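Here chain A shows up in two complexes: once beside chain B, once beside chain C.
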Partner chain A sequence: MKDKLNSNRSRTFLAITIPIVILFFVFNTMAVIQGFGYSLTNFKGFGGYDFVGLRNYIDLFSDERIINSYIFTFGFAIICTILVNIISLVLALGLSSKIRAQGALRAIYFLPNILGGLVIGYVFNFFFTYILPGIGEAINSGALSNSLLASPKTAWFALVITVAWQAVALNTLIYISGLQTVPEDVYEAGAIDGAVGFKKFKNITFPLIMPFFTINMVLCMKNFLMVFDQVVSLTGGGPARSTESISFLIYSGGLSGGAFGYQSANAVIFFVVIVTISIFQLRFLNSKEEQL
Partner chain B sequence: MKKYLSASICLTLAMSVLSGCSSSQDIAGKTTIELVTYKMEAVDLFNEFAREFNEENPDLNLVIEAPKDATTVIKTRLIKDDAPDMIGIGGDSTFSILVDTGVLGDISDYSGLDDIKESFLEIDKKLEPVPKTGVYALPYVANASGILFNKRIFAQYGWEIPDTWDGLINLCETIQAAGLAPFTFGHKDSWTTLAPWNALAVSMTSPDLFTRVSLGQDKFSNHYGDIALKQKQLLEYSGNDPFAYGYNDACTAFAKGLAAMYPIGSYAIPQILSVNPDLEIGSFVLPANNDPKTNILNSGIDLQFSVMEDSKVKEECYRVLEFFQRNENIQRYINEQISVPCKQGEFELNESLTHMKDYIDANLLSDYPDHHYPSEMGADALIQTYLVTGDLKKFLDTFDKDWIRFNQDNIRKLLEYEENH
Partner chain C sequence: MLKKSQLARTAKKTNRTITFWLLVGSLSVFFPLYMTIMIAFKDPSQMSNSIAGILAFPKSWSFDNFQQAMAITDFWHTLSNSILITGATMIVAVIFHSLIGYAIGRSMQKRGYRLLYLYIISGMFVPFAIIMMPIVKQTAMLGIDNRFGVVLLYSIFYLPMNLMLYTGYLKNIPLSLEEAAAIDGASTFKTFWSVIFPLMKPMHATVAVLTALGTWNDVMLPLVLLSGTGQNTLPIAQLNFQSQFGTNYNLAFASYLLALIPMLIIYIIGQKQIIKGVVNGAIK
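Right after this comes the complex of A and B.
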């Protein structure tokens, strides 16, 4: 009797799982395998092609444009991850405290998340090209009156602002939900022992929302490494190729540039890099998590 | 267990079939011809063409699409095995790639080819990375690139059109002394750096440079240094930060009279006029050298039509080409898009092109060099990088190195071809 129940249960689970596994395999795994196949050819995306062995991979490591895009993307992702997590944690603490219009404020801070990356990019493009230099001229500031997007030294910073502005929304939401899981009595017990102010945050709040910190770090890093929309709409990879992210380069070189095989090789390497980083982050941060 | 498995497989298959058949525009009893063109700015005229063509040919249904970033759309549809019947693109590196991969059909049996000016058919021939037999595109209209100028400002100050490089620089000094901005640039969009680059390069290099470099007989660094220096010199006369504004911003600035000149192709004129319809625009050949006789016009095929190899309606596509090629339709197109017809015969050219007409009539023209650069090389970004950083040596080295890297398959095929011929 028990066995039958068990097999019934497992049948149900299988019926739920198998379609998803097949869908995942067809639309995701197959595509990855196919991409790996293309990475060994000089395929342009259509028409005929020849097998070229590992030439694409060897070329990748000597292509300065590819190397620069990796350096840029990693620098960008690390700075953005740090910035976004600090800002959203501070915001979440503020929005979780007993303030007026808490619900409305939370809704307003969440707003950027429901806008598309392209839309935000175009709006910020206008802001950086016309409004900010306009303000700069009005207050006679030499540094501000030039468009941030015009120089390779500052364009990445404009991109950080744009991407961070949007990403803070979701991360704040996750931190707020994290803060709600901390029971009030822990704080009360801590207060008796003298944990108030920053001490309270450092010794009680932060360790207890550590799982949410892990999620945010992994999500942020992965999303920022794959930054694409904002690059397209804000800088188009320029000026002087200073803001070419890896995803953007794969797209522009592979699809519009016609180097499909070559950029497939780049995509395979990028896939391996992202998986490695995500696993490392999860392992490292999980070991720091506290359980109540 | 088996039942669930087969059910889920069926479901998956059904879904993949569903996603496979995209919107089909077949109308009962009519043959549909699908044309995708990259001339987004001429979409209204193309829709008129399609309507008239369909009224004239009740058995056919011509559908013309002009999506944004059409060359990527075309390539993506080729990847999906969902190619249109015809494409309308420029005679550029996209055409090079398409003709090389063999997705374009041979149209040498199309009778209308006899009316096309020989020089434009030659331009298309030179764009084939490895020479092929057959004709793969019908050149429709050409554009010219040089310097656009504000006629009213020039007339007001009595400035003359320069025909030497020194003359151009002197003119810029004069304009600056008069308190005006000589140029406007839209170099935030990196492709705009190619406009002055091409216009300078046609007069300063020979068109067989690409083949010579591929065969290892020459190097770009022997020729491109001077061009780069001259282009950088032009930036000194910009009225704004050249890298802060894009193409649209520069067109708007020129339309509002904020600069006397704008180094860009004739393709920009419709957009400029859409901002200020009363602006009187003139154009002249960018005088790259101090000997006026060596300066030639930068002109290339702006729009050409190809029939896809896999199209099942080739005959019907020819009827579309015949319709497009009627003199009155060409005249309508060049009136609206301010371009130069590739067909022989008397056509009325737009006023703003009059100074270039002599070069066109005398056949003193040469194709855009960037049409030969492989697009994955990103020559526009290389030039933009040089203009921003000023590192000439690195620019020239990268240019030579990247040319070989991104052309290695073509170079190999070209060497084989040279051995066999």
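Right after this comes the complex of A and C.
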């Protein structure tokens, strides 16, 4: 009786699993394989194409535009990750202390997370083009009175601010839930031993919320390396291609630039990079957690 | 050693300072929204070159910009597309992802299923950029470069994350409940619907919130699949609008505000559920 039930059960499970896995294979795995296939051709996105072997890959490594976009994307992701995590931690500590209107304040700080990155990029574009230089002129600051977006040297920073404005929301929330896992009596015991202020944070709080730090680091790096929406709306990759992120370059070069095969090779490299970094980060940060 | 009353006093003291600084900091959240509202309600003649003029309250609150922006972006049609796509993806995610989460989660003692699980989960590392171009070709070939295709693809892209969430949650639901139902003669499907599906309710909320936030604000997939079909989502409408009317800032900001409002309303109503859902999803 039980065997019959079990075999019935596993048959149902199989019937559920197979079609969904097939769909997943077709639109995810096969797409990746196809992308790899295209990367070995000189396909323009239309018409015929020839097999070119690894030439796209060889060309990639000497293409200044590609190399610059990798340097830019990594620099951007690292700076943004550090900035976002510092701000989020400070905010989370503040929002977790005994304050008035705690619920309302938390809801306010989370708000940017639910808004679309594209529209926020447009709004910040206006802010950096007109409002900030206006403030700069008003306070006679030479550095501020030029738009950050106008110079290749500063445009990346405008992008950092825009992306961070949204990303801080989620990271703060994750740190807050981390802080909730720290029991109050740990602090009380620490206070008796003289652990207050920054010492308390460094020796008690931070080690205890290490797992949440890991989540935030991995989330940040992955999201920032794939930055796209805000690049489209804030800078359009400019000025002088200084803010072309990898995703943006794959999109613009591959779909409208007629370099489908070439950018597919770029996408394959990008995929390998993302996987490597994610695994490395998880390993490294996990080993840190165990030590503590 | 500090006395308890002293501790309480210091806590109360810091309390006001922190509240004050957090309130000051929250201005950075409100300012871009304030700016958007102020510009959206003005007409270009009121936009004097000084920032004080841009940020001041409009002389009269006029809805002309909104009417015009709605006409240009075909707002109601675009909004209904966004609702349709997000809603359909949410429903598919809750029904089918929980179903496969159940099937795989309850078969983890088998090696094949464990491998299958890892195989699907690894899909989380696939950046959209790598499958973007093949997806464009595939969907065009199959004739699903339309709203249906977008929903189908979202359902597939969110499968890894949702599968992980559902199977993780399933571990807390004891097997004995299903066994009892099975002995009473209920089929596996019926057991799922009547016993497991309702028990998964907290996870449904998380999955619904995360899937909805992701699809509502997504740009890339509708951009590559729907451009030229006349079926826009709200973000894509802004993108098209920008390339044509981007220099008329008053009109543009009215359009941005229209695009932000639906989510703002939903957030004001359901912020508790949304925050809870996002936290649950991120920490699992």
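Going forward, the second predicted complex is superposed on the first by the 265 of 292 C-alpha atoms of A that agree within 3 Å, B and C clash if a C-alpha of one lies under 4 Å from a C-alpha of the other, contacts with A are read in each partner's own complex, and residues count from 1 in each chain.
Methods note: a contact is a pair of C-beta atoms (placed from the backbone, for glycine too) under 8 Å apart; a residue touches a chain by one contact, two chains touch by 3 or more.
As the structure is a prediction and not an experimental result, all values here were calculated from the model.
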Which superposed partner A:109 touches (first chain B, second chain C, both, neither): second
Contacts of A:23 with chain B and chain C, given as first, second, both or neither: both
Touched partner set for A:71, first chain B, second chain C, both or neither: neither
First, second, both or neither for A:120, with chain B first and chain C second: second
Which superposed partner A:189 touches (first chain B, second chain C, both, neither): neither
In the superposition, chain B vs chain C on chain A residues touched: C
First (chain B), second (chain C), both or neither touched by A:247: second
Which of chain B and chain C A:82 touches, first, second, both or neither: neither
Which superposed partner A:131 touches (first chain B, second chain C, both, neither): second
First (chain B), second (chain C), both or neither touched by A:95: second
Footprint overlap on chain A, where chain B in one structure and chain C in the other make contact: 14, 23, 26, 45, 255, 260
Parts of chain B lying in touch with chain A, wherever the complex brings them together: 1, 4-5, 8-9, 11-12, 15-16, 69, 71-72, 75-76, 78-79, 94, 97-98, 100-103, 187-190, 241, 243-246, 249, 374-378, 381, 384-385, 388-389, 398, 405-406, 409
Contacting residues of chain A [partner chain C, same complex]: 5, 8-10, 12-14, 16-17, 20-21, 23-24, 26-32, 34-35, 38, 45, 91, 94-95, 97-101, 105-120, 122-124, 126-127, 130-131, 134-135, 138, 165, 170, 173-174, 177, 191-192, 212, 215, 219, 226, 228-229, 232-233, 246-247, 250-251, 254-255, 260, 263-264, 267-268, 270-271, 274-275, 278
For the chain A and chain B complex, residues of the former touching the latter: 11, 14-15, 18-19, 22-23, 26, 42, 44-48, 50, 59, 63-65, 129, 133, 146-147, 149-152, 236-241, 252-253, 255-260, 262
Parts of chain C lying in touch with chain A, wherever the complex brings them together: 1-2, 7, 11-12, 14-16, 18-19, 21-23, 25-26, 28-30, 32, 35-36, 39, 50-51, 54-55, 96, 99-100, 102-104, 106-107, 113, 116, 120, 123, 125-138, 152-153, 156-157, 159, 182-183, 187-189, 213, 216-217, 219-220, 224, 234-235, 238-239, 242, 246, 249, 252-253, 256, 259-260, 263-264, 266-267, 271, 274-275, 278-279, 282-283
